[in-house]
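Shared between the two complexes below is chain A, which pairs with chain B and chain C, respectively.
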Partner chain A sequence: MTIALKAETKKYQRFFKTMGFCLGIFAMTLVSTMILPMRSAHAEKQVTVGVLVPLTGELGEFGTVVARSIELGVKQINTAGGTTCGKIRLVTRDTHGNPERGIREATKMIESEGAVAVIGPESGVMVALVDLAKRKKTVIMSPYAGTITLNKLGGDFVYRTVSSDLGDGDASGMWLTEKGYKKVAFLVQNEESTISPAQVAKKIVEKSGMKLTDFVIFNPGQPSYQAELISVLAHNPDAIYLAGGQQSGVTVIKEATSGGFAGEWLFTADLAVPEVFDNVGAEHINGRAYVEFADADRSLPEFKAFEKLYREEEGKEPGPFASNSFDMINLVALAIEASGQCSGSGINSAIRDVADGGSVVTTFAEGKAALAKGMNINFEGASGPLKFDKSGGVSGAYSIQAAKNGKWANEKFYPASVFKN
Partner chain B sequence: MNWLQVILTVVTIGSIFSVVTLALNLQYARGGMINFGVVAYFAAGAYIYAIFTHPAPEGLDQYIIGLDWPWWAGFIAAGIASLLFAVLTGWPTLRLRGEYLAVTTFAFAEVLYSFLLNERRIGNGAVGLSNIERPIRDWGTIDEKYIFAIVAVALMFLTAWIFRKLLNSPYGRALDAIRDDEGAAQAIGKSAKRMRLQVFLLSAIPIGFAGALYAMYMTLVSPRLFTAEVSFIVWIALVLGGERTIWGAMAGTFGLILLEEVITSLPFESVSAAQNAAAMNHVVTGLLFIAVLRWQPFEWISKKLEKK
Partner chain C sequence: MLLLQYIVSGVATGCFLILATIGFSLTRHVEGFLNIAHAQLLGVSAFSTWWINVVLGWPLIPSAIIGIFCAALIGLVIGRVVYEPIRSAGPAILLISSVGVAHILGGLIDTAIGTGIRTLNIDIATSYRFWGIRITDHQLLVVALAVIASASLSLFLAKSRTGLAIRAMAVNPSLAASRGVDVKRTSRATWLLSSSLAGLAGVVLAIIATLSTEIAFEQILQILAVAILAGLGSLFTVIWSGLIIGIAMDASVFWIPAGYRPLIAFGVVIIVLVFRPDGLSGRRSS
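Up next, the complex of A and B:
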């Protein structure tokens, strides 16, 4: 009996040793990137902001751009002395593009890390977090969640520095009309963020008298989209409007090209990343593909200043929604400064005021100085003026870029004033 | 790392998923039925709870039914919906055995997933229904997260108690007899077909309740919450904990959720650290699975608990 017990004990000692070994590898891999920030975290007064972005999956490229832009903003804010609650400390996590994971990670950020705001989620996760944000009185904010569901749910603790998907649909519809195509087909991924703008663009296309040959909704994650493409290619459209993710979209483009499609493309924002040229093959889309996305007015001095900073720090041009992300963290910091409260409620009470209705400021440092003098401020950031509407969104401008020499190049800019909604 | 928060999440999510594992344990380990579509009954409960408690559609909503009934009506309806879905799927499929039943139940789950994803009039399609009624609120100074954990644990123990009573009764012994030797059991008058269907239906009810509780906890129902991954997680939990024991089903589920939570609970203060963690996550999880399957500690724990 004693021998058996000893054998059992040894067996489980080995198990726990192996488990410890595995966790040890994990910890050691991360220690080099964590140790310095952790040391500084305990050294001074800080306020925590959660960065909840998709670092993997269909939107992984966007998530990385967003998180890096937020880091740039924090660097600038902390260099300016931080907020009244101390310097900003970021806690970054991956949503994996999964709402359930998003809820669990956001809960940890709020409950365990004391985050006063959770910023950066994509549409599906933003919608999932609305109830949590209101219950926990923590601000959630996104630089690219255009979903029309937030037109109803947003406004209190829920904000975004990008306009609704309805604007994307308008811009796409306008571009297709201006190009003078005779026949257009729509291929739309089965997601809220792709279907809602597609429906708006479809209405504009139909109204213009253009022939809509197909409106196909496809599910992401399929190994092939041949079945969806049969009818589309049979009608030989002049252009295909493709609202797809970075994985499914690439497969659709490749299969349509190998299927003999020789017309033009209009992609939506998910494909507005440089990686699409490597993944598809630049020769297949150069000169015949365009992409539409919510964009800053690149002629604004605030954008130019941000672009310069981004180039210096990252060594490349700012990606899609980089300026919206940079503005988002600045707004959070200014709201903390204006309210003087280190809480989500404090940010929620002041965020609209700092975005509209006082002296124009373009950086956190300017805003902090103006607030210290007792002035009201109006933050106008790199992505343009940021006046929140009732649902916590802003009006936005849109760009069309063309595929030229393996890069996206500016083709057309639609300022916010063009749109009615 | 805030261990209290980790423990609360493990207790709450672990208890909800334990209910599903317990039901699967009853179906597979005692009833001899391989159900690879267990997520479908979980989803049915969650969606019906959402539809019963959600307000009527307005504005941009695409779903057409929102009854706005109280939470308890939705909770009861969730159990009934799961039962009805089990009738719908169990009646034509339970004549199948082994891998044929596994594939068929998996197919039913995929059909339901595809239906929820593409039929926007049921639950808003891919975006799902958000702001689901959450009846559990703070009790005085006690935070709702503790109350939620208590409710989830209570549902788990109630399910375990009922299943234990059932399996220790003559009915449970008849079930074991059918599993061990169907021909001999039928020779003494036990109807294998009828008893399998009864077990299948009975085990679906708590899965529906667990689905409703999950919808309350998440305050969201969306097809992405109910992918085949959920079925595989529950199966892995059952394997980890060791089949045929109630404690094993629970220990395996808690162990699995604990591993996941501990791995994802480290705070990362830079993008590169978070990216490294995302890349390492699956590797570490895989190594831990290998270690757990090699030494099977949860099965050992469950056997100790069973002996008591």
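Up next, the complex of A and C:
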């Protein structure tokens, strides 16, 4: 009897334990379903912007500068209270310099992360993303994609805060002419972004009466460029215009130097990095090498303010295209603010207006305040005026720097006003 | 004279291709598949050499020896862990697996090295002129290493017990096994040997080129071109193939724009295969 009672009691204990456990789970679920919406209601509104840059490989140095400059811009924007759509949240991905990967990452950013704009891709990736941008109605913008392919494809959802490569060609041609060389050879990497400006520079050189001894197009990724240099060195030019990447460019410089080339060099933007001195050996290029690249007008107060901010945050001078990148995120934020829409279409509809035709503003905070008063604004960025042309590009200025004491030092500045393109 | 200069440059290019391809061809003969990851082993060796030479500040020769050792060890481990268990699955599965291995190695190199370019802490090449023809000490080094590596490999395969076992397995693995050849041991020796040769090519790459994380894998198409042109013949067909493609590519610049240089490699391969479908060796795969 006692045993039967004990067994019955245990059954009831088990029943109540199970019921208690179930009730506990039910209560927790109920509480969490009530709390979570309350928490998300209190969570800050955010708008996502994708940063798609080459963080690895040869262009990694540039991509890192771009990503960091965008972060600086976001810090300022969010400190000023963010946009109508909330504070900006960045999602950063690496293109690996590969258009196919760029498309994959951009698609993920737009579809999974809800990015309203994807900013930062290099030329090849930008061209590959044009169709996606228009199809998904998401703005894409680059601070350094100078490719002339975008001169035809850009303009609607596709923008850049740098001028077309044709301007690079003009600036290089002008510099070669001014230097008064008699014979010049061109060594150009087999890519659209290097061939287009080289063709423009070539026309200027030929028009000036200079002798073009060689126009050699070489492929990147070769261990050696001895074959490409044979004819160039045999003609003994006064200067070599070298439009190449860092990997190919450094090999060409070293092999030409060891082959006895004693003339001067004009490099294009990819070689405007301090690593060139370490890898070539500063003694081989000091005093006889120049580099041409799209640059901000460093005398502008907007650039000086950005330079100060960059130095404070990064402890060094802004790298190539840093100011163009900083302006890019400010334009996106101001376009969101002006359109009042948290979408790529909203940004696309307002981005030209905030960059042209109203009261001049130089920061997001100023622009936000002016827009709140119902004013039209004209954002003048750290890289200069940003009036978009029909193809979504801007007119730009260019700098020539000279190799001096193992560093690039300013030599000549061509303001945007001197170029036709 | 200018044409002769292009031919001399082509010989150096061909010798680099020989160094990059002999290990690849050895694996192809013995293991029976195209190991796409071979090119990444050049990168492993090149960046190990760079790291020891530049970051640790060691002289070039010990750095290069360690670089070759790293490539050999990693190649052996990959052969043992990845390819050996799926050896029976056939060449197509092995080939696809090797593409996967190439991507993994590439990703690891990317992660370890990061962005930008790298060069060894060595002097810029010195040029010498012989009867008006210019050649650099780096080019001479490439030629010398190609000769030494080819001769040593040839002697090893002809004279040593392991070398003979490797040759027996390359001709007929089943027959070799039935005649007492230890297949696993010979396979591992092949991986060690071919990866060491990739390591040597990687050191040469680090000496003559500017290193980026992509440059090693970018050599795979030319390695394939040389290997396909050579076919399944002896080491000497690989040497001939390397020289033919190297000279054809560089000498072509005398007549046609240098941008077409890589096309010349495959143009030569197509022309030769039209007349000799099994490559220069004329031997069919068993």
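Observations
Going forward, the second predicted complex is superposed on the first by the 378 of 421 C-alpha atoms of A that agree within 3 Å, B and C clash if a C-alpha of one lies under 4 Å from a C-alpha of the other, contacts with A are read in each partner's own complex, and residues count from 1 in each chain.
Definition applied: contacts are C-beta pairs under 8 Å (C-beta built on N, C-alpha and C of every residue); 3 or more make two chains touch, one makes a residue touch a chain.
Since this is a predicted model, take the numbers as computed values, not measurements.
Using the contact criterion defined above for the overlaid structures, shared-chain residue A:204 touches neither chain B nor chain C, since it reaches no partner. In the superposition on chain A, A:246 contacts chain C only, with no contact to chain B.
Applying the stated contact rule after C-alpha superposition, one finds that A:296 touches neither chain B nor chain C. Looking at the superposed arrangement, the partner reaching more residues of chain A, out of chain B and chain C, is B.
Contacts of A:56 after superposition: both chain B and chain C are touched.
By the touch criterion defined above, A:227 reaches chain C but does not reach chain B.
Once the two complexes are laid over each other on the shared chain, residue contacts for A:219 go to chain B and to chain C alike.
Judged by the touch definition given at the top, the superposed model places A:338 against neither chain B nor chain C. In the superposed model, A:284 makes contact with chain C only, not with chain B. When the shared chain is aligned, no partner comes close enough to touch A:400: not chain B, not chain C. Contacts of chain A with chain B, set against its contacts with chain C after fitting on chain A, overlap at residues 55-56, 64, 96, 190, 217, 219. Residues 8, 11-12, 14-15, 18-19, 22-23, 25-27, 29-30, 33-34, 37-38, 41, 51, 55-56, 64, 67-68, 71, 89-94, 96, 98-100, 103-105, 107-108, 111-113, 123-124, 127-128, 130-132, 135, 147-149, 151-153, 190-192, 195, 217, 219 of chain A are the ones touching chain B in the complex.
Touching chain C in their complex are the following residues of chain A: 55-61, 63-64, 96-97, 190, 216-224, 226-228, 230-231, 234, 246-248, 250-251, 254-255, 257-260, 275, 278-279, 281, 284.
Within the complex, the chain C residues that touch chain A are 2, 5-6, 9-10, 12-13, 16, 110, 114-119, 124-127, 134, 136, 139, 205, 208-215, 218-219, 249-250, 253, 257-259, 261-262.
Residues of chain B touching chain A in their complex: 1-2, 5-6, 9, 13, 58-61, 114, 117-118, 124-128, 130-132, 134, 144-145, 218-220, 222, 224-225, 262-278, 280, 284, 287-288, 291-292, 294-295, 297, 300.
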